[in-house]
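Okay, so chain A shows up in both of these, paired with chain B first and chain C after.
Right, the complex of A and B next:
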């Protein structure tokens, strides 16, 4: 079990808040759409802090401007991968940004075992650190 | 008001002294070129001096002039090399009938070829090299500069930039959270790392060395680096987030700074830190190193207030922001508005815009006297640090926006329930406020209620709000903009 405050992975914008309701998620979708951003849904069963590329639940929804439609995609992903981490991301294509502008978790596995810190003693008192995800001891798709 | 420049020729170069105005340094009809470097000074001339003559003297002494005529000018394209003072306006609310003696806003244009590419040291040696000590001025302040695109393109700019920093850290859509380890002096490496671990595990993104933490008898630098990286990695594993600690590599020599930076890199740190006092060239060198070593470069503005705070003499902090973005740092302390350090809200917004915009329009209210095209130089992340706490979250988010590091040092470490609880309080306050703002709520007015609502389910936030509820720093700013919104009235 994770021992940090909240006992869960705290990536994303809203991991310190109670789980977002569909109404709250819709409000965030509207904010992104109003800002001119495109939304995307991504999922993974390897939440390593440096696992940049979560699987895409389809391409970013560049042409979908209906918050209800986007929420439907999020819920489809939740139905398909109920025990995975799922995040909603927003992308801006404006010059000077051209990068993600939002990222928040909307689904988690029932239990979050977290990570082990592996220390490899190196020269002098230096230590090489590796963050190891307990879940990845099992093969992909069988982790939670 | 026509130029009074003497015609080039024998008379102009007769040995002796002639007014700067006549030597070609005052050209009210000058047409500014896109490639000119522009500077705007706030000038207080000696009593009785003609302000235009003093303006010409500032232009002259910051470019080609000396106190007397020299015939060797005639060996050069001297008209081109001369800086031209082209505008001299009385500052609103100064001079006759006011409490302040007359000050003038003086605009000067410099030919691009006066400067070496890619060198802040060379640029500053001209612009602020000699003129601030001239007897003809009682006081002089560099208020703003316009750097032409052609010159900007000779600079690397921020080693990482805001966009790539966010991608590397995997943190989007909210301000980053930090804290400075306290007490800043006296902790052993082991004790120091404890603060870092608790704050990061609790929910902060960064912890930071203070500006004067280098390698002192109570904690040598290698010890600090080793313990801090243990704390960073342990907290990263505990939370599943990328975490960092700004390891201050400031030292007495470049050789020593490179050595410390290399060690930080070998330990896997994502960020290092330097102080403004190491000097412009050293900062540029560290920025090159940071770009080549995938390192975020944090700059603490140690020392700046000695010359940036007083309104009549020195230089505005917005100019330092411009130079530091060119020099290539990724973070710079740029004010909090609501905290313990100096800052008028609009002036601070001007600094933030200078660091973050791809194009800054002229905006006199914000103290931005020139339009500035940033020529795709990376963005530099402002850092708000000093006397801020979770209870001000709605004000901080309104004033400063998302692209900022909010540093709650005392506001984390001084929390009554401990450092982790302090970090939780700050992170919950931040996330609740970002969520509410995105939902379209009026956080400026509803902010205190939003925090109280979150405090109902978050004990650490409640304790934090109760502890610091009455703390604010309401002093009048010494550095405020002076501008004339229309031709007739002044502020």
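Right, the complex of A and C next:
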């Protein structure tokens, strides 16, 4: 897509910015912990924008006080899946919210081939549009 | 605080204000509280003061760009039951927090059950979860020698120790590990885990309390719960302590607490059954000598086994 140089997928917070440094990630985790949210690390290699359910890396982390433990887990995940998308997710257990309140990408594949626009002829002369990720042409685990 | 840039080399005679740094850290307040609330334990207090001094000097040195490796602060507390190891560990977390050595200053107190799993592959995530929780604070492992069971070679404790060692080395800035346990068993534990021994810089031994110290502790415990001894009861209790110390299952301050709990129970019983109809506030607060003398320790020289003495 010409409007998105580098074909970076833009999901969650901060995804239009340059990649976050570890210091910035730590600051964001600190904010989440201060707000009483519990964090989890998730990964995937399917970049489709509607792919919201990613795999969780290890267990969700409750009752932590300090960002160091979560950063350690992020680095573990980066070591295991250096070429996957990895995001940090903060979950709020406040009654009535009970859902993720923060989510941002902390690791991307080195090259992101991007998406192709698919046109489908439908009834009459109407056309349906969808996107297709070039990366998903290969099977899971071999995409990047 | 204005950070000095790394390039600036300060002259050797730059003045250093240790006193101001000492006042700013509020560490005096914590140390005074330690003196006030912990009776005896002189070697422990000295050691804590020394550690506090080292950390303070380190902090001033860092301001002057005199870089040094951050000191290893993992500790081992050894001593008999009831000598105040857990209490001191709690204080330690507070002191380290005031000196800026740990970021949060909370204490996670665990035993073998919290670290070691029950089947293959259970131990590592369990240990790691605890370590992550303790980061930014102090991890206190009570009765640490249970982690290692040499008689069972398939025991998962060794795996837990391995992870701990790795974290103690690599995440020195993130958490402080304190191991605690009885002296002889801890010595055996360190003997079979030399890696653990070398990673722990401070071995602090907790001495037993003397009878006088135990009496002061007893009064402190009662004051905390808004009770007090009558003069006769205090005399009775000072007779009780040496008798109790000679008996088996004596656990220093913990035995004293149990004895006081039983005395409170008897006091309540006396007030309830007593003939005196008009009670005052003072009556509710005072422990009388008869509550102490009823103890089996005086009767036939035996510990009151129906009490909670054996439950510990």
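The rule we apply is simple: the second predicted complex is superposed on the first by the 137 of 144 C-alpha atoms of A that agree within 3 Å, B and C clash if a C-alpha of one lies under 4 Å from a C-alpha of the other, contacts with A are read in each partner's own complex, and residues count from 1 in each chain.
Keep this in mind: a residue touches a chain if its C-beta (ideal position, glycine included) is under 8 Å from a C-beta of that chain, and two chains touch if they have at least 3 such contacts.
None of the values given here were measured: they were computed from a predicted structure.
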item	value
Clash or fit, chain B versus chain C on superposed chain A	fit
Which of chain B and chain C A:103 touches, first, second, both or neither	first
Arrangement angle, chain B at one end, chain C at the other, chain A at the vertex (C-alpha, nearest 10°)	100
Touched partner set for A:111, first chain B, second chain C, both or neither	neither
Which superposed partner A:66 touches (first chain B, second chain C, both, neither)	second
Per-residue contact with chain A, leading partner among chain C and chain B	B
Chain B versus chain C as contact partner of A:83, first or second or both or neither	neither
Partner chain(s) touched by A:126 [first = chain B, second = chain C, both, neither]	first
Chain B versus chain C as contact partner of A:58, first or second or both or neither	second
CA minimum distance (chain B, chain C), superposed complexes, angstrom	16
Complex contact set, residues of chain A against chain B	2-5, 9-11, 13-18, 24, 27-28, 30-31, 47-50, 52, 89-90, 95-104, 114-117, 125-129, 131-132
Chain B to chain A touching residues, read off their complex	163, 166-167, 170, 172-174, 201-203, 222, 226, 229-230, 233-234, 236-242, 266-268, 358, 376, 379, 420, 423-424, 427-428, 431-432, 434-435, 438-440, 454, 457, 460
List of chain A residues in touch with chain C within their complex	58-59, 61, 63-70, 72-73
Residue numbers on chain C that touch chain A, as the complex places them	103-104, 106, 125, 129, 131-133, 135-137, 171, 174-175
